[in-house]
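Shared between the two complexes below is chain A, which has chain B as its partner in the first and chain C in the second.
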Partner chain A sequence: MTALLHLWGGYVRLTARWPVIATLVPFMPVLALWWFVTAIEVFPRVFLPGPADVARSFAALMYKGILPDYLQDSVVRLAVGAFWGTVLGIPLGLLIGLSQRAHTALWPLLLFFQAIGDIAWLAILVIWFGYGLVTMTFVIVYTVIFPVVLNTVLGVRSIPVNMHRAALSLGASRLRIVWEVVLPGALPNIITGLRNGLGYGWRALIAAEIIVGTSGIGFMMFDARRAGSVVEILLGMIILGILWYIVDNWILAPIERATGQRWGLVTR
Partner chain B sequence: MLRLRSLSAAATFGAPFVVLLTLWAVLVPYFEVNPRLFPPLLAVVQAGLESIGDGTLLQHIGASLLRVLVGTAIALVLAIPLGIAMGVSPLVSTFLTPLFRFFSVLAGIAWIPIATLWFGYGFGAITFVIFNAVFFIVTYNTLLGVSTIPRPVRNAAASLGAGPWAMLTEVLLPGALPNIVTGIRTGLGFAWRGLIAAEMIATNVGLGYMLFVARDFYKTEVIVLGMIVIGVLWLLLDRLILAPLERRTIERWGMVQRA
Partner chain C sequence: MKDLAIRNLSKTYFDPYAGTNVTAVHDVSFTVKQGEFVSVVGPSGCGKTTILNMIAGFLPVSGGEIRVGGKTVTGPGPDRGVVFQSFALFPWRTVLDNVAFGPKMRGVPKAERERIARDYLALAKLSEAEGRYPTELSGGMQQRVGVVRALANEPDVLLMDEPFASVDAQTRMTLQEELTRIWQEKRSTVLFITHDVAEAVFLADRVIVLSKGRVLKELDVTLPRPRVWDALHEDAAFKALTGQVLGLVRSA
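Here is the complex of A and B:
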């Protein structure tokens, strides 16, 4: 028992120094179980290949250059979509948040169009733009924009009226108020919206690539499904998971925390 | 007075839709938009009446809702006990958190290719996708909810002589409930998207299938009808069931979270 406790203490000290270890170690038992289940062939190998097979196919696809290409395609699509979603979403959110009239006119429409959901647009988008980049970008922009707009509105509306008044009485113009009061005040919410939006956008991208794709990780998985190659499907899933984990954990979450610390005081 | 006010609120909420529909009804015929690109309002209404008349719309809606219901029910039955069991011990929960975060990232759509391979095209694969979308997110949120219950609350209950069962039903479950409900709402949001995507690929009945078959024949009026039905259904589900449920749970039990 004490030996176990010592072991655990060592583990805790280790993870305190390198937090990455705390993220990685829990996957070891899962990998081991996966390996064990496939080694004794509970399910036929065709249905559930082992970790070694997946690693081998990873190496092969990397070597052929297919995987880096597809990965790049997916990430670029997500980045382009996220860029336009933010560029369009933040001004729209500011408008709706600041003007009561715009709020009355647009808020119900926003709720409804958000409810339709990105994937339901795929069918008609394919008719409009064909199978290609425009369709996918549209889907991602559509997905990213709603959380950004809704959260921006929330952020703008949560700025105390006294802040506006203080800036006004100090002689700030309307533009300066937007730039120096409203935007920084809403920033923590905007970033949260962007993070949520990208989470949805990521899934929408996979769906779009599966359904209308010609390249990308989602396409790779579906192509593998057509050929009946479970190895590549599993590989695709693992890559998707790792990639999003990295983007979310090491890029988006720190940005969110940092903006929250820097500007979060304004919101209640 | 109150009725009048809620009536006018409904009117201001509905007005933008009336404007949008009017624009649609006027502009599309005026510019003579090719109905293969975008249908006139009348055609959509007609398609709606037709599909209600011959029962196909109800059949698609029924099939989709049944899948969501079955998948969600199975997921909840498994996820909540598992989440509580794992959340009780801080060691286990910190150890397993990265694992569940990883899988909740994968949840839903990414499982479609392998689900269709394991279960074949049809009810099994789609229900599995929904199960997945809900299961991991709810488990993760339950685990999070249980582990945020302040230690003193549990100690107090224990020192007052609460047995394991009383602890579960009177401390752990109520304490984690706000998180659980939030998890259900997020999970269902992903599940709904996953459902539409899966139905486009893997079945022969359901709303996603209706959209995709219509696309093959360039029947844009059916596509638009399907999109509206999907939007309205989700709005009803989210605003009439999930959002009030979440609000009420947080009002009733939320204080436990940060005592």
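Here is the complex of A and C:
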């Protein structure tokens, strides 16, 4: 028991020095199990390739330049969609959160259109805009915007009324308060909305690429299905997971640490 | 003179649960002269916070008038600084930036407003904490920041709404002593709302006892300043006065 505790303590110290270890170690058992199942050939190799096969496929596709191109296409699509979803979603959320009139006018619309899933739009979007970036961007913006708006509204409404009063009594104008009080006060919720929105957007992008794509990770996976290449499908799935981990860990988490957590509005 | 004058103030609001109009403040009149420290004391529900919220401009008046330096109050404004029971500091701003917020809204340049903020922080012995965020401070320190944030904007009147009700008893006594010290230095015009009788008497030049939305009595406090608890605890005049106010509040 004590030996186990010592081992655990050593592991915790190790991960404090090299955080990347904390990321990699939990995947070891999964990898080992995967390797084991494929090594004893429970399923035929063509149906379930092993880790080594996927790694080889990764190297080959990287070498041919297909994977970097597809990766870039997917990431750019997500970035463009997320940008517009954020740029449109935050002001809309602030408006609905601050103005009762805007809330009355827009809330039913918001709920109605939220219910029409992003993918449900694809049929009509392909007729309108064809198989291009516009269709993709529309779908991602559509997915990102709802969580951003809804969480921004929640954030705006959770700011204590005395915060507004304090700012007014210190001479801030109503317009100034939006920038000085409402935006920072709602920021932790806005980031939650962004995190949800990007997560949904990422999934929507893959779905859109599968249905209307001519490139991208989703397209690669669905294209591989036609060729019966399970190895590339698995590779695509792994890349999706890793990319999301990077976005969350390198972009969203640092923003969260620098704002809500730093200010004590969100617990660590 | 920047006096705070309240004439025939009343507040009636509709209670949607009872389905009737409720009058929280009836025909209240009093004046706080420039440089005077006035406490308003009364049991919860006596209308004291409603009065303060109307003076601050957070609530519209139902009748009567509030004037600051002769100008009728129509909404919140920097001529009336407010210290809240819940502190209401901006968690996303450091202590220094919280205190510099008022001057910033007035358009004071950065270097100048930081100098002002540092002066006021030094006054409240908070210089060490200027780079910290409010949630990193104790309740007592947060409210010191709340007080100097309001003072740094140099309001005509300082409105304090039970500011020390949410800190522990020992800290509260320290804060009360510090407030009288700072007040003597700055000679601000202060309206201080509290339900704590000893606090009301300790701080003020005059105590207004409120009951059921009406002024029950006004009492002058002539105790010498500076006031410190060690001296006043056993002081006969202090005891007599708090006894009298307590009797009024309890009979209310």
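Rule of thumb we're sticking to: the second predicted complex is superposed on the first by the 248 of 268 C-alpha atoms of A that agree within 3 Å, B and C clash if a C-alpha of one lies under 4 Å from a C-alpha of the other, contacts with A are read in each partner's own complex, and residues count from 1 in each chain.
Quick note on the criterion: a contact is a pair of C-beta atoms (placed from the backbone, for glycine too) under 8 Å apart; a residue touches a chain by one contact, two chains touch by 3 or more.
Keep in mind that what you see is a predicted model, and the values were worked out from it rather than measured.
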With the two structures overlaid on chain A, would chain B and chain C clash, or do they fit side by side? fit
Larger residue footprint on chain A, choosing between chain B and chain C, goes to B
Partner chain in contact with A:A204 - chain B first, chain C second, else both or neither: first
Figure out whether A:I233 sits in contact with chain B (first) or chain C (second), or with both, or with neither. first
Could you say whether A:R165 touches chain B, chain C, both of them, or neither, answering first, second, both or neither? second
Calculate the angle at chain A, using C-alpha centres, between the directions toward chain B and chain C; round to the nearest 10 degrees. 90
Answer with first, second, both or neither: which of chain B and chain C does A:T259 touch in the superposed model? second
Between chain B and chain C, whom does A:L95 touch in the aligned arrangement: first, second, both, or neither? neither
Report for A:V181: first if it touches chain B alone, second if chain C alone, otherwise both or neither. second
Is A:A60 contacted by the first partner chain B, the second partner chain C, both or neither? neither
Could you grab the smallest C-alpha gap between chain B and chain C in the overlay, to the nearest Å? 11
Overlap of chain B and chain C contacts on chain A, residues none
How about chain C: which of its residues touch chain A in the complex? 56-58, 75-78, 80-82, 84, 86, 88-92, 101-102, 105-106, 133-136, 149-150, 153
Going by the contact rule at the top, pick out the chain A residues touching chain C in the complex. 160, 162-163, 165-173, 176, 180-181, 184-185, 187, 259, 262-265
Applying the document's contact rule, which stretches of chain A touch chain B when the two form their complex? 8, 22-27, 30, 47, 104-106, 108-109, 111-113, 115-124, 126-128, 200, 203-204, 206-207, 210-211, 221-222, 224-225, 228, 230, 233-234, 236-237, 240-241, 244-245, 248
Which stretch or stretches of chain B touch chain A in the complex? 12-17, 19-20, 36-37, 91, 94-99, 101-103, 105-106, 108-114, 116-118, 190, 192-194, 196-197, 200-201, 208, 211-212, 214-215, 218, 220, 223-224, 226-228, 230-232, 234-235, 238
